[in-house]
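I have a structure here, written as structure tokens, and I will follow up with some questions on it.
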């Protein structure tokens, strides 16, 4: 290898520093979840588990969590269907404007959330669509398509064509070939793309604020509102900590899935 | 044609129908393509581009100053005149683009060593752990991380406490540098992951060849690694740049500053929708330009 | 038990409706054509109520179980209350116009705009059992009625006050000077409301310090007066003023000691009083101040009008009005509420000058800047709402 021992040591130190930078805020947050005082002054003043009880007793948090799960699941499913269709089209056919497809899909996440948000909201309003969970799902699906698409297209690119051709030679129609050969081939890509889409939807606050009506709150919207109320900040800490801890599960699944290779796509 | 009745007759009929449909599609690849694309493109086209168009229309509509109501199809350029005649809008735009670029550069500098360590030095086991460690914060709520930084940066927060022995006060929540730090923090994993993937793709043999030819580590990096990394850097920068460019919550919560997103949000929240719509065109144009450039650099294959 | 009480309340309302049916009150529209959103009777609640509120106007006892006027209402009426806090009145107007809400608590600079735009409905106060108890002085005002029709019911009123950290500002200020000319002494530690309506606070200070400008009304400013106010605000900004968008924002920055003096609602001072680590005090400075007289109004397109009527009546009840106004720190709207407030905070109505009109003469209620200066004089021209908002954007963006 080319790296000298000194370079290696420096890289190791830099890695440790960056990791510390990444985790410091999360650790501080975890500490505050047990802090007695409502004010986030450092150092903490005392230890309490009260906020966990308050979080558990808060029906608004449960409703918001449920809304988030429903919205993320529905948006993920829509995104996977649309993403798979588009990926098949791009990967299996040649057509004019092919390069534009991925460009179009990237737009909803590349353009600022506030633009996407007010654009969707103003057209919902113009066409008299009442805001609520369905509009949240539509909005989320729109920017989730790209991660599903990216994962599947990347997998299709690497998938050998020969089994599909063999299947067709043996007389299977294209639907059966898709079901028996292509779909199993991209299964893990669907899963990792789905996980990413789910995460994206679950964490989206800006677009959700515009797409949600007065009565529908998802977890990020609940957090956003609670942050504006001084007396709910400790409960926000608790919810935040739980969300971080729960997030270990999907990250681990994604890690297992890709067998050491990262899920592609990012946000 | 007679339709066979009864459940028994139904099954072969359906199967043959599906067979006929698929064989028709097999014979007509263009139609298959259109069917495949109709859903996704229809969705993006109608829901997304359609909405953007509606937003664009709003920019040209008048509004009642007293009631704040938009008057659809009452055409005017007032919103653009307001934006053009007040230099504050370009100040804000330049500030935002500057910070977004600064965040992108910062994230590249922070991401390179850790991504390099992960891809080329760490053992496979360690690499897996590091990947999880880098990915996990992506799953932690964005708002929660911003809020955590608020508690760190505020006067009596962690940073003030840590700096107190050196006689330095905490920064408080009204410094523009806060926005730079927090945005860099938030989007760092989006830069680490593509760089890592890009580094992993570079074959070892290439680096060994460079070393064999007498290339020093620094030169190997500049001449061999860096050019190969450009698509990955461009891909990562799409996230760091676009997410910083559009954010309005971070500048508001940690820096008490106004970015492009704040102008759009404030105007929509305070009832001047045409100005919000007109100013939205700016980040859209900037981002489309940015995407076109990064696409040339191969970013889309590394996304 | 609570449910039974709810039915009793509704039955009472129904009776009242029947009683009012015969003798038409003066507030009912004369023509047979009823205005949009007009209710002839209050039926059973629709199960939900979406409100735009000022922070602290719908409390569930999360901080102090003694202050909870929402959960009881929900149990009695079945109307589950959903609230969104507005950051300022312009934001409140926009929220109501989104069509997602049944109503809200609006200050004068929002209420008049909403009435004129037809976004809020006139209220059949005959259906509200608690309306007769409200102080006469709060009814039929320009900010809560139009063409002789009430468009809402009073919630409470108060002034924007000067708050300071007593550890940092040792001599109690009596004027707004510490946030204006004296601001250099508190560089970077001044807390200012992040809303265009705050320009009026500068105008009020100018009324005292620069009478030659001839400001008669801090909300109706001509070009010269407006420019002077903005210049004052620019000095303030360059003294490192920090702007609070939400009450929580300001509470955080005072609690952390980052900021020590600034304009506030009494609410933030009340919340800070619960924190032993920090001591703040408030005053209404000699120049007078901006303030508000808030009105619960119903959206013309309310999806839950019965719940909204039930809520408006509830907010005029002695118990709810007392709790809400003590909690926020403002003047209640009825004698009965004053009596109920005694139990929560002795002397509350005296402290907040519930019936002291001389006190409120020093308070300029928030109202909408208008191009015609809101007067009949065709010769005068003033900066309108949009100009104020844009000036604020400019001030904050540079």
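The first chain written gets the first letter, and so on, giving A, B and C; residue counts start at 1 in each chain.
Just so we're on the same page, contacts are C-beta pairs under 8 Å (C-beta built on N, C-alpha and C of every residue); 3 or more make two chains touch, one makes a residue touch a chain.
Just so you know, these numbers come straight off a predicted model, no measurement behind them.
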item: Graph class of chain-chain contacts, one of line, ring, star, complete, other; value: complete
item: Chain pair, most C-beta pairs within the contact cut-off; value: A-B
item: Reference chain A; chain at largest CA-centroid distance; value: C
item: Distance between chain centroids, defined by C-alpha means - chain B, chain C (Å); value: 39
item: Chain A and chain B, separation of their C-alpha mean positions in angstrom; value: 13
item: Touching two or more other chains - residue numbers and ranges from chain B; value: 150, 154, 156-157, 268
item: Chain A: positions in contact with at least two other chains; value: 40-41, 227
item: Numbers and ranges of chain C residues touching at least 2 other chains; value: 252, 256
item: In the complex with chain A, residue positions of chain C that touch it; value: 48, 50, 55, 62-63, 82, 84-85, 98-101, 246-249, 251-252, 255-256, 271, 275, 277
item: Chain A residues touching chain B - in the complex, by the definition given at the top; value: 1-4, 7-8, 10-12, 14-15, 18-19, 21-26, 28-29, 32, 40-43, 81-83, 85-86, 88-89, 93, 95, 99, 101-116, 118-120, 122-123, 126, 138, 141-142, 145-146, 149-150, 173-176, 199, 203, 205-206, 219-220, 223-224, 227, 236, 239-240, 243-244, 247-248, 250-252, 254-255, 260, 262-267
item: Chain C-touching residues of chain B, taken from the complex the two chains share; value: 64-69, 82, 86, 88-89, 91-92, 150, 154-157, 170, 172-174, 252, 256, 258, 263, 266-272
item: Chain C-touching residues of chain A, taken from the complex the two chains share; value: 37-41, 125, 131, 213-215, 225, 227-233
item: Partner chain A, residues of chain B touching it in the complex; value: 18-19, 22-23, 25-26, 29, 32-33, 36-37, 39-41, 43-45, 47-52, 54-55, 58, 72, 110-111, 113-114, 116-118, 120-121, 124, 127-128, 130-145, 147-152, 154, 156-158, 160-161, 185, 188-190, 193-194, 196-197, 204, 207-208, 210-211, 215, 217, 220, 235-236, 238-239, 242-243, 245-249, 260-261, 264-265, 268, 273, 276-277, 280, 283-284, 287-288, 290-291, 295, 300, 303
